[in-house]
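See the structures that follow.
What follows is chain A paired twice: with chain B in the first complex and chain C in the second.
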Partner chain A sequence: MSLSVIYALLFYAATLVLVIGVARKIAIYSKTPQPLKIPTTPAPLTTSGVVWRMAKEVAVFQSLFKSNKWIWLFGWLFHVALALVLMRHLRYVTEPVWFWVNWVQPFGKYAGFAMLAGLGGLWLRRIVVDRVRYISSPSDHLMLLLLMAIAVSGLAMKYVDHTDIVALKGFMLGLMYFDWQPLPGNPLLITHLSLVLLLMFIFPISKLLHAPGLFFSPTRNQTDNPREVRHVAGWSAK
Partner chain B sequence: MPGVRIMMRVAVLLFLVTPVWAGTPVPEIPKGKGQQCVEDTAMMRTNHMEFILHQRDDTMHRGIRTKKHSLKECIECHAVKGDDGMPVSVESPKHFCSVCHRYAAVSIDCFQCHNSKPEIKLTGDRNGQ
Partner chain C sequence: MADFQTPEIREYPLIPHIKPGAMAHSKPYLAKPDHQASVGFPGELVENWHDVAVAKLGELVSKSRALQVFLDICVKCGACTDKCHYYLGTEDPNNMPVARQDLLRGVYRRHFTFAGKYFPKLVGAIDFTEEVRDQWYSYFHQCSQCRRCSVFCPYGIDTAEISMAGREVLDAIGVGQKYCNEILGKVHKVGNNLGLPGPALIDTLEGLEEDVKEDTGVDVRFPVNQKGAEVLLITPSADFFAEPHIDGLIGYGKVFHQAGISWTVSSYASEAANFSMFIGSHDNLKRTAMRIREAALELGVKRIVVGECGHAWRVAYSFWNTLIGPFDFLDPKYPAPQHICELTYDLLKRGALKIDKEANDHRRITFHDSCNVARASRMGNMPGGQFIIPREILKTVANNFFDMAPETIHENTFCCGGGGGLLTDDLMELRVKGAMPRMQALKQVVDDNDVNTLVAICAICKTQFAKTLPYYKHSMNMITSLHHVVGDAIVLGGKD
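Entry: the complex of A and B
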């Protein structure tokens, strides 16, 4: 089998694992009982207040900012940069390319470096801070290493050894149209794609899955109305 | 298991419908004049920007004027004619550069200063006017 066929099949498998895996986890989260009324106070008194609180958590990581400025700085830097980089990558899967994806290209380019800086800071924290190093498992280090390797291989294609991105886009669109096109065999590109595939496979069973988890955190998603409304959920409902 | 049977049917249906879908959009890269570009095709596809920028540095900073990697020569060989028989500018999606650069969302600033159309060679008559 040629490289193109192997990678096409791997991408289909990885997409299935990612989508089904994350959906399954979200289903499990949604079925997990939240028997107690435990919003961290001061907490919003209305549902719209909860939406606002959650929006702040998603956009600026408010709780993290309150608890640790360094982790917040590196973590937020990484996530915002990652968002820009992902937006930039949309050019490979849209034809014609959406107008705002054109606008985001130059920002996404430099976001690659910001992403690496954020990840570097987070990794340094796991190595340098004694009490954090003590509780860091091998997977914590390997996850950061994987993300950094993805960023480095991507940046290397941009700044060191170019790849035929027109042919690459043909390959990616070919997967979506079920009309396979050849994958350019540039070693850096193959490395980059292989690492991304690995990330897609392990994402649903890793701690990188904290994004959907946030929405199911009782201390964040509950309204502070225990006297107005009787809280019945899970075993407390029986 | 009726659920499984329905899923199988949907899978078969989707499989049958698939070939009807349009093929993958890939750019049709127009052929230039002559047999071969100044470097081999795969090399040009991935590294043309490096050649052009290197040529610019040689020309602008060091005063070495050669033709091999000159943008003017790219335009000369790769010009695409529009419906009116005249070479199209970079504004047109048919332009040699635009075909791929639009596809890959890579914006270029070459043509803010440079001409994206080959120079028209004036005939004797016109020169005499």
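Entry: the complex of A and C
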């Protein structure tokens, strides 16, 4: 089997694992009842207040900012840079390229460095701060390494050894329209794609579940109105 | 005196380096078979404890979205590691919230996740061995379930939920904690934590009426089981006999007296505390709370008011409507339940109480936010009312009020060190060390503002401070009830 076929099949498999795995977890989170009201107070009294609280958590990591400025700086930098990089990557799977992806392009090009800086800072803390070192499992280090390797291999293609990006785009579009095209055999590209595939495979069984999970966290998503509205669910409904 | 050192108060708070195992020896007394039986748990360690524990853990997780989400999504960022008063006071890394959670998360991962089943070493999954079981017993009884970590966690992960589940699993295999389970048995049997029977309660309150009459010359009543009273007061039983709690009860009595509100306590439901929350037991939580609904219906009251108690206010405010509601038999003009501070605050705002502020001029007051009031409930009709209302009351009845440092009050408050079912003498070392961050903040207002009075609205805080203040070279009399300060300022007698 050729390299192109193997990677085409791997991409389909990884996408299925990612989508089904995360959907399954979301289904479990939504159908597991939360029998009692446990928002961390002071909490919003209304649903729109909860949306605002959650929006601040997602967009600016409000609680983390309050908690620790270094973790906030590195963590936020990494996530924002990752978002920009992902948006920029949309140009490889859209034809014609969406207009706003072009706007992101100039920022996205450098966001890879910011991503690396954020990840590096987080890893440094994991090694240097005794408290964080104590709570780190091998998987916590490896996750950071994996993300850094993805960033480095991507940046290397951009700034060191260019790959045939037009052919890559052909491969990606071919995957989407089930009209398979050859994958360029550049070692950096193969490394980059392999690491991304690995990330997709482990997403649903790893701590990366914090992305969908945050929205289900009862201490953050519940309204503070237990006296006004009688809340029952699960065992408390019986 | 105990064989441990009281932590040193430094000039500035410092995040300590970890000292693994520093508190591994700390364990509360085990519940005896009859304590266990009274709350529906096996009397001693069951034979197949490993399998029972794993099955129980799976059941708990499947019934709680909080557990399900919290066990999955921690990224080990470290934001919580310096937030727990027990870590700051003991330096034991297992008292960092994430490490405490990992004792349970590791077992959960081992048995209920793909990664933990097949790559345990990689993801920190652990088997539920005898050693781990001992660690659970030790460190889940070094968590006061104060929720400070959940304020600072980027995902709101609340270690209280984890330690409640851990204790519930331990109870299910027959490894209960004496302090909580013995007390719960007393509530079920007698109606209060102290095991104070009805006639003794009536006797005590009659004595209190005489004392107040002697002090003030006014007939302030402390009624028991009075049918048709407007208000049923549900207060921690410590208010009936212990110092400085009882001064708070006298304060409530004076407030009711001056406002002309008829009230009563119930000898059947003579306890606001509900230790079932500490051990995560839903059955006991509901059963303990139900006495209150029954008493309110039996006495035909129109309002239920809750006295000064932290976790009790959490249970009342956040859980009662769920567990024993709806309260459609009460007067809809008032929140159900209502906190005594909400009631007093409304009366003060309306000018219904005559106040002599100067009566408190000998006091220089600071206020300790109790964790369950601060981070698990509310007062009034705006978020954060639980911080505003007690302080407004204090400023209305006294001239000298000083807040402690902002990073140690409101939702950032440090636990007293004795909450969550740890207020027992067999955990004295933990309690003294856990009080350190609060003592640090207190020392600052004592040095800067000559504060001589520490006010709290929680029975556990009051008892804990009375016991631990002397370890930090303060007088135990420094701690008092908010309604003690209120009561001292109320001018009894006819209104002008």
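Annotations
Simple rule for what comes next: the second predicted complex is superposed on the first by the 238 of 238 C-alpha atoms of A that agree within 3 Å, B and C clash if a C-alpha of one lies under 4 Å from a C-alpha of the other, contacts with A are read in each partner's own complex, and residues count from 1 in each chain.
Here is the rule we go by: contacts are C-beta pairs under 8 Å (C-beta built on N, C-alpha and C of every residue); 3 or more make two chains touch, one makes a residue touch a chain.
Quantities reported herein were computed from a predicted structural model and do not represent experimental measurements.
Under the clash rule set out above, the superposition-derived model of chain A with chain B and chain C shows the two partners fitting side by side. Of the two partners chain B and chain C, it is C that touches the larger number of chain A residues. Of the two partner chains, chain C is the only one that A:Arg227 touches; chain B does not reach it. By the touch criterion defined above, A:Gln105 reaches chain B but does not reach chain C. Once the two complexes are laid over each other on the shared chain, residue contacts for A:Tyr177 go to chain B alone; chain C is not touched. Between chain B and chain C, an angle of 160 degrees opens at the CA centre of chain A in the superposed model, to the nearest 10. For the overlaid pair of complexes, the smallest distance between C-alpha atoms of chain B and those of chain C rounds to 26 Å. By the touch criterion given at the top, residues 15, 17-18, 20, 62-66, 68-70, 72-83, 93, 96, 98-99, 102, 113-115, 119, 121-124, 147, 150-158, 161, 282, 317-319, 321-323, 325-326, 335-337, 374-378, 381-384, 386-387, 411 of chain C touch chain A in their complex.
The touching residues of chain A, counted against chain B in their complex, run 91, 95-97, 101-102, 105, 162-167, 169-170, 173-174, 176-179, 181, 186.
Those residues of chain B that touch chain A in the shared complex are 18, 21-27, 29, 42, 45-47, 49-50, 100, 102-107. Here chain A touches chain C in the complex through residues 25, 28-29, 32-38, 40-45, 57, 61, 63-64, 66-68, 71, 75, 122, 125-126, 129-132, 134-140, 142, 202, 205-207, 209-210, 213-214, 216-220, 224, 226-227, 230-232, 234-236, going by the rule given at the top.
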